[in-house]
Every structure is written in structure tokens, then in C-alpha cells.
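To keep things clear, I will list the structure first and then write my remarks on it.
Chain naming follows the written order as A, B, C, D and E, and within any one chain the residues start at number 1.
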Amino acid sequence: MTRHVLKKRSKKAGLPPGSLVHIGEQKTDVMKFSVLDYDEQNCSETILSRIEQCFVYRDRPSITWLDIEGVHDIHALEKIGQCFGLHPLVVEDILNTDQRPKIEDYGDYLYIVLRMLTNGSEKGEISSEQVSLILGENFVLSIQEGAKGDVFDSVRTRIRSSKGQIRKLGADYLAYSLIDAVVDNYFIILERIGERVESLEETLISDPGQETLHLIHNLKREMIYLRKSVWPLREVVSGMQRRDSILIRESTGYYLRDVYDHTIQVIDTVETFRDMLSGMLDIYLSSISNRTNAVMKVLTVIATIFIPLTWIAGVYGMNFKNMPELGWRYGYLASWIAMIFVALGMVIYFKKKKWW
Amino acid sequence: MTRHVLKKRSKKAGLPPGSLVHIGEQKTDVMKFSVLDYDEQNCSETILSRIEQCFVYRDRPSITWLDIEGVHDIHALEKIGQCFGLHPLVVEDILNTDQRPKIEDYGDYLYIVLRMLTNGSEKGEISSEQVSLILGENFVLSIQEGAKGDVFDSVRTRIRSSKGQIRKLGADYLAYSLIDAVVDNYFIILERIGERVESLEETLISDPGQETLHLIHNLKREMIYLRKSVWPLREVVSGMQRRDSILIRESTGYYLRDVYDHTIQVIDTVETFRDMLSGMLDIYLSSISNRTNAVMKVLTVIATIFIPLTWIAGVYGMNFKNMPELGWRYGYLASWIAMIFVALGMVIYFKKKKWW
Amino acid sequence: MTRHVLKKRSKKAGLPPGSLVHIGEQKTDVMKFSVLDYDEQNCSETILSRIEQCFVYRDRPSITWLDIEGVHDIHALEKIGQCFGLHPLVVEDILNTDQRPKIEDYGDYLYIVLRMLTNGSEKGEISSEQVSLILGENFVLSIQEGAKGDVFDSVRTRIRSSKGQIRKLGADYLAYSLIDAVVDNYFIILERIGERVESLEETLISDPGQETLHLIHNLKREMIYLRKSVWPLREVVSGMQRRDSILIRESTGYYLRDVYDHTIQVIDTVETFRDMLSGMLDIYLSSISNRTNAVMKVLTVIATIFIPLTWIAGVYGMNFKNMPELGWRYGYLASWIAMIFVALGMVIYFKKKKWW
Amino acid sequence: MTRHVLKKRSKKAGLPPGSLVHIGEQKTDVMKFSVLDYDEQNCSETILSRIEQCFVYRDRPSITWLDIEGVHDIHALEKIGQCFGLHPLVVEDILNTDQRPKIEDYGDYLYIVLRMLTNGSEKGEISSEQVSLILGENFVLSIQEGAKGDVFDSVRTRIRSSKGQIRKLGADYLAYSLIDAVVDNYFIILERIGERVESLEETLISDPGQETLHLIHNLKREMIYLRKSVWPLREVVSGMQRRDSILIRESTGYYLRDVYDHTIQVIDTVETFRDMLSGMLDIYLSSISNRTNAVMKVLTVIATIFIPLTWIAGVYGMNFKNMPELGWRYGYLASWIAMIFVALGMVIYFKKKKWW
Amino acid sequence: MTRHVLKKRSKKAGLPPGSLVHIGEQKTDVMKFSVLDYDEQNCSETILSRIEQCFVYRDRPSITWLDIEGVHDIHALEKIGQCFGLHPLVVEDILNTDQRPKIEDYGDYLYIVLRMLTNGSEKGEISSEQVSLILGENFVLSIQEGAKGDVFDSVRTRIRSSKGQIRKLGADYLAYSLIDAVVDNYFIILERIGERVESLEETLISDPGQETLHLIHNLKREMIYLRKSVWPLREVVSGMQRRDSILIRESTGYYLRDVYDHTIQVIDTVETFRDMLSGMLDIYLSSISNRTNAVMKVLTVIATIFIPLTWIAGVYGMNFKNMPELGWRYGYLASWIAMIFVALGMVIYFKKKKWW
């Protein structure tokens, strides 16, 4: 994936800043603009058919949440930028869907980038998409790449049903709720990974193979990837807390501290998985080497027992004229006894040394 | 365990903040509310039968310690929240029993989360439970998950018997005493782990096996887990010291510094154990490989001695018509002498090279 | 390369500071001085034939961009230093082409060192050259070593065609554009490396060999080198942002933050590649050892099966007079049956133990 | 040792803070209280027979140094606490002889904990004991556990003989002198360790064995232990320097900086030893594996040469009726020539490949 | 070396601070005191025959540079201390030639410790000696241990010939020039090391052996040593820059920044060498194991081919009466065919599996 993005990214080299080029895969066919406009009493929902309609919501006293799915229509995003007075660099960043989480203060509004995780395939591999939030005085824009799942549904439901305090509080609380939804979603992803780690652990004990090694390495790589999505988030949330922006009310501070705690928990869990996977790699390597050694040991023991026996047999297979033992009556029997004696001696010796 | 919690945690995703859902195992059947109300002269103990009774203690000048065991009854905790004016997020955090240690200042009260450790099973594996402390001006709430053991008994006894200064000093000293009790308990846990590490060390020298490896890894993982419970505690205690909250009197500062020292000692010991376990892993791996090599070496030496002998025997087992040695009188003897000579030569060579 | 520079560097030891000695390879034959002088309305381009001509541009109100290719003509650079009032140490640093990225504030002008990366050979090895930028109030000097490619072409085109805002904004925006061009170029380099990492990964699975190890190590070393060029850049850009120099207008701050983000992305990608290469090294080592072990195992199994058989054959090759089995009618057949029996037994045993 | 202390420590769990319990081994039978009272002109020495006598020295203008050996008599220490107005937690900490170095400011006095190292046994293993210093305005208390050696003798001599400035300067200079004596003693300990590391290094080259591995690990563990005693010392000394306590005169600052430098040197040396031991471990492991491989290689070469020879001998030991070679006149000779030829060929091949 | 110093160091334990004892090897027979006294117009050079002559230079307005070689004459250094008003601890530190680089501000003068590196022996091993600089208002003292080479010659020449600005600027510029000379000398040392690293790299590919391992480890240890000399230098130089000492003029700041850059470059190069050596160790270990495995593989293949053949020969060497094959006309031929068939089969199998 990294390379995919690098390819697109490197194509953009040389364009002036603020050039609007969509970097990343197009994840949806048609862009969708849904508006949720609410205050404590009222709540109206609209799907915009033409992007120009967004200008209606510009100076309303009520809180407007414009949720956009899809980022490939550069023209539409440019219009939105004009409508809400966004800096060209913000619109450019919305289009570049390989941003790491960050927060930027543009005075009138905050620009927040998050990464939403989804379980891409049945194998459980994680893919991520960019979620841009713009928090203005009484509006919130959320721009998603157009994922399969939508973690914002729960927030939408809460607004519609006026559940909790969300209708009573401002745009900053809405922004918090959206961030919280994204972070909460991480726990679901982590649970899946936890299952995979656990099943890998069982395989490791029952039947480790070359395959196990690749699984461990794949999980390790995903952890690196996950870590990269989550670590900067910590700074984003603590940045929101510390920030003396007038856009964030003091009462929202407690809630941000709560999200911050969740972020730390996510990071902690990711680190724990990393530690576990490192330990598993050690166990894998030492169990592989243990197994091979066990094989070699037993085999060598067998070989070592028979080599002296073969030598004894060889001695009495010599054709010297003058070999008195050959004529003895119990010579053959004696040779058997000697061989059994030698074999038993070695077996006892090996047993005593616990080599067998 | 991590996964167990993740499962519950991920179910909560999408609920509004402040939603009261108990996350974690239910560890007690019935919740128990014990009140200890004291000042320098008097001290009364009550077990509340109905949670509503707690309202009585709200505005008393004496110091009230309400100890709660069990967190599964959401309704009761909500009542307590109302009684003592707790923020919904605090009540939510009390219910989520997978918090890491933290301190939060809500102006009127401090909310402190600790983790209490217990030796879960006979194998000595560590389990932990969450202890929430709420320190108000003249009350302390302590909420435990309802563990088997209760580290607060010693504090209770001291209050009853008016031992030490505890009856003379305020609620902040009581909170300190409870934190101190939790930290002191760590030393008991660490002693158990110390015993296990030591016995593992002996096994490592006397009889290392695949089993030893798993024991080392289990202890290592427990250390990771322990570390995660103890490290943030350091910040909690130093946070209490630094904090300019009016709830913490200056005289309590010395005591907090003392707990801080103990926390550092606990961390130091955990780090020492980690270092020791890493060293043990190295010794294990190299002793396993040493042992296998020793086996292989001796066996190969034996094989190598007999292979040339077998060849000599093979030569005189050939059926050529014209083999003058076969007719010699002492040919057979000579072949024996040759074989003994070769064998001895190799043994001496190996001995000299210290390969045997 | 490091050593090449060290050799030159060590020759300079003992000279007074400000001594002008060119350190590094000469990368171009003739130095080239191109001037782009522009304001919002006009834009003129000149190639200076004599360096003294640069004095013309000294005090113009329009913005002058003097781009210099090649740094081996000490005299010419000295002249430029006089013309624009540069500190002798700055001219010295321009000549020492092994600088790490840095920013230095000389009051009237900022001196910025960057490293531009190019894919030196077909093997894709990276080489770097030094780019010095001097940002004055209304001039920008850019001094390149005279590379094969020129990443500043896109900026030049933008100025000529008055595309974007570049003609409207000041010298600081021009400096930003040049830095941006250098950073954008990194993405192209990273894409190439990404391709090499990916193809290496495929080789690793299909056919790992000693060669693969060397490729991994070469890439690792390049990553160390790349890292060294990119890490300090982060400080340079954040230094420009923070700096309270009057040379940098507030509006340029947003653009610098954008470059800063790109720098972080480059660093992130480099770190990801490093992690991937470490993982690949682990896989390489364990797959090599796995393969060898597999070989040894199968071979030892074969040997072990035949050694007892050879012994049986040896026994009945003995020449004792009195060996009743030799006279039996089905003795020979029986010996075959015994041998087949032993061989099958061992094969079954090995199969059962999954050693084969 | 860690475990020994943990056992005692965990017994103390549950006692109120300030409870006086002696934690650690009792290292002396009778406690000894020696007083050195001096000013620029006079100097008197007394051994106190009854601890109550210390009250005499309380408010004298001269400088009083009370040196206490042994910490098991809780009653005596309590008295001293009363006499010099020590906080109960300080007395408690004096008794807990497993403290890490620290400095605590109690306003009227500073409480400093150091660790003094001694070579416990002939094996050269390090043991440590706690030294508590209390620096008041014109007194210094030093409490040792009662070690075999006494590093303070040199300070005592200097006071008696009025050598150096010690008699002219205040109590803070005395405290500095005592800390300096403890740190100077570390160099003696480090020299011993240096000798052991060096002799280990020689063993490693001449005759590495399983024993060497254990020695390396023991030294590594001692280094961990040493590090833990020394690292916090750095903070203690720099803490004294920075501290704006009226107890420390400005002129003493230079001397503290000197001790600080020594501490850094000790830490540096410890880190160097750690690095050296890590390198030695690597060399040990690779030399063990090199040696085993060398053995295996030579042995396998020998075996490989004789196996084809044995086969040739076997071929002409077959009993087919119709084997023309057997009847040849020089058949036997030819077989010898063939065998010598094969053996030589293999030897040459191995030599050429440098396998032998 | 470390141990050598530790021995001397530990002897000093117990002496009062400021005790003048020379720690380290005596590196010159006779101490040499050379004075260079200059201002913009004049410059005089003297070799002092008696140290008391230095008092002449005390209060001159011109700049005096007193360069001292050798530190074993304690008396002479004491005199110098008196003459220039040095603190006893400074004189003590000059004598202890195992200091790490540091800077200390004594108000009237700065005391700077540097380490000068020299290539001790032909093997190219690095040794270091201490250089102490004392920067007063119009004097600079430089105290060297009396090395073979003198890096200050270039500075001397510049003063004599009035080359560069050195005669025009103050004592701080002289001190800078001396520091610069020491740092420049590092590049020469690094070049030598670079050569050794490179030749080691070639050996590693062409002919790695146990010797190579020791060379890698020696270089690694030297890097540790070098690092310890260079890292603190960084703080020294940046300390001089930041310091608000009146002794350092603002104009010297630019030059110090330049030295700082060079220091960073030296550190960078040392780190690069460390990384390269780590990589080389990995390659060494894996190539040793690769080679041994290759040997074992080929040998085992040979052995495995002949073992079944020997068995076939053994079978027809049996002496059963009734072995029909023995009587067959082409029995012998058939046995050869069987053997060739088996051998070829195995060779083909091994080739196919790429084991050979």
C-alpha cells in the first residue's frame, strides 16, 4: 500500500502548493453529501443533490454537520472550501488520503485528520482510510473516503433521538463525538487482532511451521502500521485539550481527556501485542531449533550404535587364512554376544546421559 | 485477559459518553457498602443496607470513608454519583475496570484509579483489579471490584484503634493511606515472583528443558503486565504531590513522597526481574545449544573412530585371488594391530584437541 | 563516499576558519549562473556570463533568484559573497559539500542547507548533493553542486507562467517553493526504493541466497544514509516556522507547516522501510537455517535407515565355520525380509514423528 | 539479596507510615555513636555511651558530626530523631536499608541517602550498604549499617589534623566530604571489577567454557546492580547543586560540581564495562559455535573420505561367481590404487575448498 | 587503559579535594612552557625557562597564550594556578588526565577540557590525551599532556604570519581556534578508521575468519571509546554558545556554531561506523554459518550416496549357501547397474532439490 501511495505522491512532485490532486484509491463511485442540522429543539436531515446547496447552511445559528463520502471530485471539494472559507492547503490535504493524524489551527476553524481502520479482507488484514474533520464555530465537516462501514452511524442516531447531551452542546462536542466514534472503532479492530494473535499462539505450541513464521511477521508488520495510525492521534487529542482555541469549550475538556485515555489504552494494547509477537518469534525460533536438534540427536544415536557393530561384523568377514576365532565352536555366538554387549552398553550410556 | 476486556470494550463502541456499562468480569455477587465515619474523638462503622443511606454522610464535618465492593450494580453507582456530585465520566470510568492508573482533578474532588494485584491461582499467576478512589474535602470513596483479599483492612484497623496519626489528619491522609496500602501490597506480590524467578534459576542450571523456556516467557509476560500497572502509578503519585489542589494539605506531601519512593522501588525491582529473565533466556538458549553440541560431538567422535576401522576390515574381506597378506601367518594379528593403532591415534588426537 | 569526503575534509584541518576550499567531487565542468528577476507584473531571465554582473541585482525592489550550478570556482563564490554581504563561514559552508541539513540565522539573511537525492546508477543506488539556499529580503540564492537532474525546473516554470501565487508573494515564498521541490523529489526516490524493497521481498520468498543478504544489507545502509539526510531537515523546517525572523512572513507559515508534514511523511516511510528490512533479515536467516536443517534431516534419515541394514548384511558376511543360518534354505530370503522389516519400521517411525 | 529484602519489606506492608521497623540484615552487634565536634580552633572526639548524651550537642555553634554505626536499635534512632527534630519518615527511611540514593529537603535539614559498596567475599562479589546523611545548619549525622570497612576514616583524619580547608568551612562542606569519600570508594570497587573483566577476557581467548558464560552473566548482573546504586546518585548531587537551600553555601557549589564529575566518570566506566561484557558474550557465543563447527567439519571430512573407500572394499568383498577382477593378477593392487586415488582426490578437493 | 587509570584513580581516594596528584601516564620528560604574546601590531614568542616568569604576562593588555606541554610537575602547575588565580579544583582537574570533555564557568575564566586523539601505534589504535583550556579576559592557557603530535602548530603559524583574523580578534577567538584545531584533527583520525573499516569490509567478503571477528570487535570498542570523547564535546561547544559569559564576544558565536556543526559531523560519522560495524558483524556471523552449512551439506550428500551402495555390496558379500543371484552370469554386472542406478537417482534428486 505504501508503494501505491508513493507512486501517486511522486507524480504530484513539482506542482504548486494548493494544487488539487486526489492521491489514493478512489473508494466510492458517487460522492454523497449528507447534512444534519440541529439545535436543542429541532433536527433536520438532507442529502444534498448539488454541492452548491451547502451555502445555505453557512451562517445559521444552529449546528450543521456536513458529512461527505468520497474525495475524488476535486471540483466539489473546491466549492466546499469556498463556502466554509477553507485555506487551499486544507483542501489539498483532504485530497491527499495518506496523511498521518494531525491537528492544525487556522484561527476560524480547526483541521483534524484521523485514520479510520477497517478489516479489509476475510484474512483480517487491516486497511485504513482518512477522515478529515473541520470544526468551525457552529459547523462540523467530516470527509471520509467512502468506506464500507460507517462508524458515524451511532452519532447520527444519538442526534436524531436526542439521546445523551449531544443536542444540548456545541459543535466542539459533535467533533469530540466523531473522534470518539473513530477511537471506539479501534477497540473492535484490536479485538479481531487479539483473536488472531491468540490462535497463532495455539498454532505455535501445537504445530509450528514456516507458515507460522510468515503469520507472525505479517502481524508484526500490521502492528507497525497500526502504531503509525494511533501514535500521532495521542498528540492530536492532547493538542485539542491544551489548545487555547475559542472553538473548544471548557466543558468539552473532560470528554477530550476521556478520549485521550482511550487512545492511551489503544496504544498500550498495540504495544502489548508487539511484545507478545516478539516473544512468539523467540519461541518459534527456539522450538524449530529444538525440534531439529531432537531429530538429529536420536538419529545420530542410532547410527552410532550400529557403526561399531558393523565394524565387528566386518572384522570376522575378513578372509585371512589364519583366523583362529572363525574355527571356534561358539565363535559366531560369541560375536553376537559381543555385539549385543556393545549395543546395550551404548544404549545404557546414552540413557544415563539423557541423550536419548 | 486482554482479549476478554477487548471483547467487552468493543461492544461499548458507539454508545454516548457517560453511558454506564460494566466492562470486566463480575467478581462478587452482592455489592457491599461499608461506611467508616470518624473524627479525632469518635468513630462509627456501618454497613449500608440501602445505597440511599449514603446521603446522610454528605455534609458531615467528620471524615467519611465509604468503601464499596463490587461494581456490577450500575444503578447503585449512579446513586452514589448523584450523592457526591460526581461527573458522569467518573462513574463510567469506575465501571470500566480496565483503566490504567491515572489521576483526574475535577475541582471539588480528585478521581484516582489504581490497580491492586492479587495472586490469582496456585501457579502464582498475577491478576489485577481496579481500585477507584475519590477524594473529596471530607470524604473518601474507595471502589473495589470485590477481590478475594482486602488490603484496606490494615487501614481500617488503624482507624478503629486510633493507631498512628490517621484520626488526627484529614481525608487526604486517608487517601494516602489507601494508596500506601495498595503499593505495600505490591511488595508481597513481588516477593512471590522473586521466589518463582529464583526457583526457575535453579531449574535452569540443574535441568533446563522446553518447559523452562515457557516458564521464562510466562514470567516475562507477567512482568510486561506488572510494569503496565506500576509505571503510570509513578505519574499518579508525583501528580498528587505537584498538584496545587486545595484538597491535599502540605503536610501530606512528605507522605506522598514516601509512597513515591516505594513506587520507584517497585519499578526498580520489576526492571531487575526483567533483566534477570532476559539473562536467563540467553543462558537457556546457549546451554541448550551447548548440550546438543556436546552430544553431537561425542557421537561423531565415536563414529569417526570406527569408520576407518570398518574400512580396514572391509579391505581384508575382499575376495581377490591374489592377496598376499591373507596368507601371512600373522596377517590377522597385524590387521588387529593396525586397527588398534588407528583407533588410538585418533583418540589421542581428539584428546589433544580437547574435542572429546 | 563517507571516506572520500573524510579524506578531503582531513586535508583542510589546520586552515583558518573561512578558508575557502572546495570539499567534495567536482560535479560540473563550468559553473552556470542563471538569474530570474520578477515581480507581480514582470519577469526577466538572464544567464550571467561574468559573475560581476550580479551586483546589478543587489538593491532592486523586485525579487531576484540567482541559481548557481557548480561550486568548484572559489573565486566566483567569493564575489557573490561580497555582493550579497555573506559571512565568510557561509561561503566556506557552501564549498564544503558534505554538510548536513541546517538553518542558520545571520540577521539579514537565512542560510539553509538541504540535501537533494538522485538515483546515481542503474542499480538504483542513491547519491546526494548539497543545495544551499540563501534567503535575503528580496533575493534568494540557490547553489547546487551541478547535478544531472534539476528539481527546480518546476518552480521556474511556475514563475514564468505566473501559475499559482508565486509571483504575488515574496522571497520567503520562493525559498519555501524551492524547499518544497527538494522534499517532493524525495517521494520519487522513495518510490524507487519501494520497488526495490518489494522485488527483494519476492526474491526472499522464491529463492533466497547469499546475494539476497547483501542486497538487504545494502538497502539497510542506504536507509541509514537517507535517514541522515532527512532527519535534520525536520528541524530545519520547524526551525523556519518557529523563527521570529522578519524575513519570513506569517502567511508563509501555513506552507512551511505543509512541507513539515511532508518531511514527517518521508521520515515515516524511511522508518517503515527500515522496519521491513529488519523483518526481512530475520526471515532470511531463519529460512536459510530452515532449509539447511531440512536437507540435513532428510539426508540423515536416509543414512540412518541404511546403517542397520548394512550391519545385517555384514553379520551374514562373517566367515565363521559354524553359522547355522547360512545353511538354511530360506536364510537368504529371511535376511531380506529382516532388512525390509527394519527399513519399513524406521520409515514408519520417522513418518509418525513427522521427521521426514 | 533482592529477595531477602523483599521478604522483610513485604512483612512491613500494612503498618502505618513512620512505623519503625528495621529492614535488612543486622550488620553489627553493638551500635556505636562517635561524635566529632570542631571549629577552626578546637576539635574534640567522644564516643557516646548513652544516646541521650547527644542532646548536649544540639545548639552548639561549633560543627558536630555524629557518626552512627548500626541501625538495628530502633529506640536509639528514635531518640536521635527527637534530639535533632527529624520527621518520623526520615527515621523510618534510615531503618529501611534498601533505599535507593535520594535527597529530600525538609527545610531545616537535608536528608541524603547514599549506597556504599564493599567487596563482600573473596570472589569479589559486590555488596552494598546504606549510608544516610542528615545535613543541618551546624551538624551532620551519618548513619552507616556497620560495614567492615569505613570510608570516612580519611575525612576524620583530615579534621583531626586540620588538613585542607575542612575545619574552616561549614557543615555543608563536611557533608560534601563524606559524599566525596563514598564516591571515591567506587573507584576502588571499579578497579577490582576491571581486573575481573580483564582476566575474563583472557580466559575468553585462551579457554572459553560454560563456566566463562556464567562468569560473564554474573558480572553483567553485578553491573545492573551497580548501575542502580550509581545512577540515582547523579540526580542527588545535581539536586544538591541546583537546590536553593540555605544549608548549602555557594562556595561548596564548585566542590559539588567536582563530585558530580566523578559520579559521571563512575557511570561512564560502568557503561563501558557493560558494553565490554556484551561484546564478550557475542565473542563467547560465536567462538563456541566456531569451535564446534571446526570439530564437526574435520570429523565429517574424515568420515567422508573413508565411506567411499569402504564401499570399494565392499564391492570386491561380494561373492558373485563371475567377478573377473578378482582373478586378475594385479586386481588387489588395482583396488588399492583406486582407493588411494579416491582418498587423495577428496583430500585435494577439501584442501582447495579450504574445508580442512 | 581504563583499568590503568582506575588504578591511579583509586589510589587518590581519601585525599582532600584540591589535592594535587597526577593521574595518568607521564607522557613527556620535561615540561615546556611556550608563550605567544600578541596584539594586532606585535607578536612575541618566548620559551619560559622558569615558571615564575609567567607572572610578567598577568596584567598585560595584549593577548597571552601560554601553552604547556606535560602535566607531571605539580609544583609548576600550582604556580600557574596562583599566577592566573585558578581555583584549586581546576588545577586538580588539569592533573587528572582522565576527564571527559566539559566546560566550567568560574566567573573570571572558563575552564574547558577536551580530548585530543592520536593514532597510538602502527596498528592504528587510537589513544587520547587531555587538553585543558583556560580562557580568561586576555589570556588563554592550553595544557597538553605532551603528545607526539601537536595540532596547535597551525594556529601558531596563523598568529605569527597574521593570517586570517586571528590577530585582530580577542582571546575568545583564540580559544575557538584551539578547539577548532582539536576537532579538525578528529577528521584525520576518522579517515584512518574509515580506511580500516573499508579494508575490513573487503576481508569480510573475500576471506572471513576468527581474526575478522576480533578486528570487528576491536573497532567496535574503539568506536565506543571515541564516542565517549566526542559526545560530551557537543555539550561543551553548545554550552559556550549559549553561555552568557562576558568572556565570549557575540561575533565569536558564528565561529562556535561552525565548530558545533563539525562536532555533529564527527558524531554522525562515528555513528555511521558503528552501524556499519554492526552490519558487518551480522554478515560475518551469517557467512560463517553459511560456509559451514555448505561444507556439511556437500559432505553429507557424498556420504548419503555411498551408504546405500555399501549396503548393496554388503548384501552380496553375505555367505548364505543359497543365494541364487551369486550364480547368475550377469549377477555382478547387475549389481553394478543397480549401484549406478541408485547413485544417479540420488544425485538427480539432490540436484533437483538444489541441495548440491
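Criterion: a residue touches a chain if its C-beta (ideal position, glycine included) is under 8 Å from a C-beta of that chain, and two chains touch if they have at least 3 such contacts.
Since the model is a prediction, treat every value here as computed from it, not as a measurement.
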> Quick one: which chains contact chain A and chain E both?
Replying inline: C
> Distance-wise, how many Å sit between the C-alpha centres of chain C and chain D, to the nearest whole number?
Replying inline: 43
>> Measuring centre to centre with CA averages, how many angstrom lie between chain B and chain D?
In response: 26
> Multi-chain contacts in chain A: which residues touch at least two other chains?
Replying inline: 289, 296, 300, 303, 307, 310, 314, 317-319, 323
>> Going by the defined touches, start at chain A, step to chain C, and keep going round the ring. Which chains appear, in sequence?
In response: A, C, E, D, B
> How about chain B: which of its residues touch chain D in the complex?
Replying inline: 151, 153-154, 158, 163-166, 176-177, 180-181, 184-185, 187-188, 190-191, 194-195, 198, 254-255, 257-258, 261, 264-265, 268-269, 272, 275-276, 279, 282-283, 286-287, 289-290, 293, 296-297, 300-301, 303-304, 307-308, 310-311, 314-315, 317-323, 353, 355
>> Taking the touch rule as given, give the residues of chain B at its contact with chain A in the complex, in rising order.
In response: 2-3, 6-7, 9-10, 12-19, 87, 89, 92-93, 98-100, 102, 104, 106, 210, 213-214, 217, 220-221, 224, 228, 281, 285, 288-289, 292, 295-296, 299-300, 302-303, 306-307, 309-310, 313-314, 316-319, 323, 325-332, 335, 339
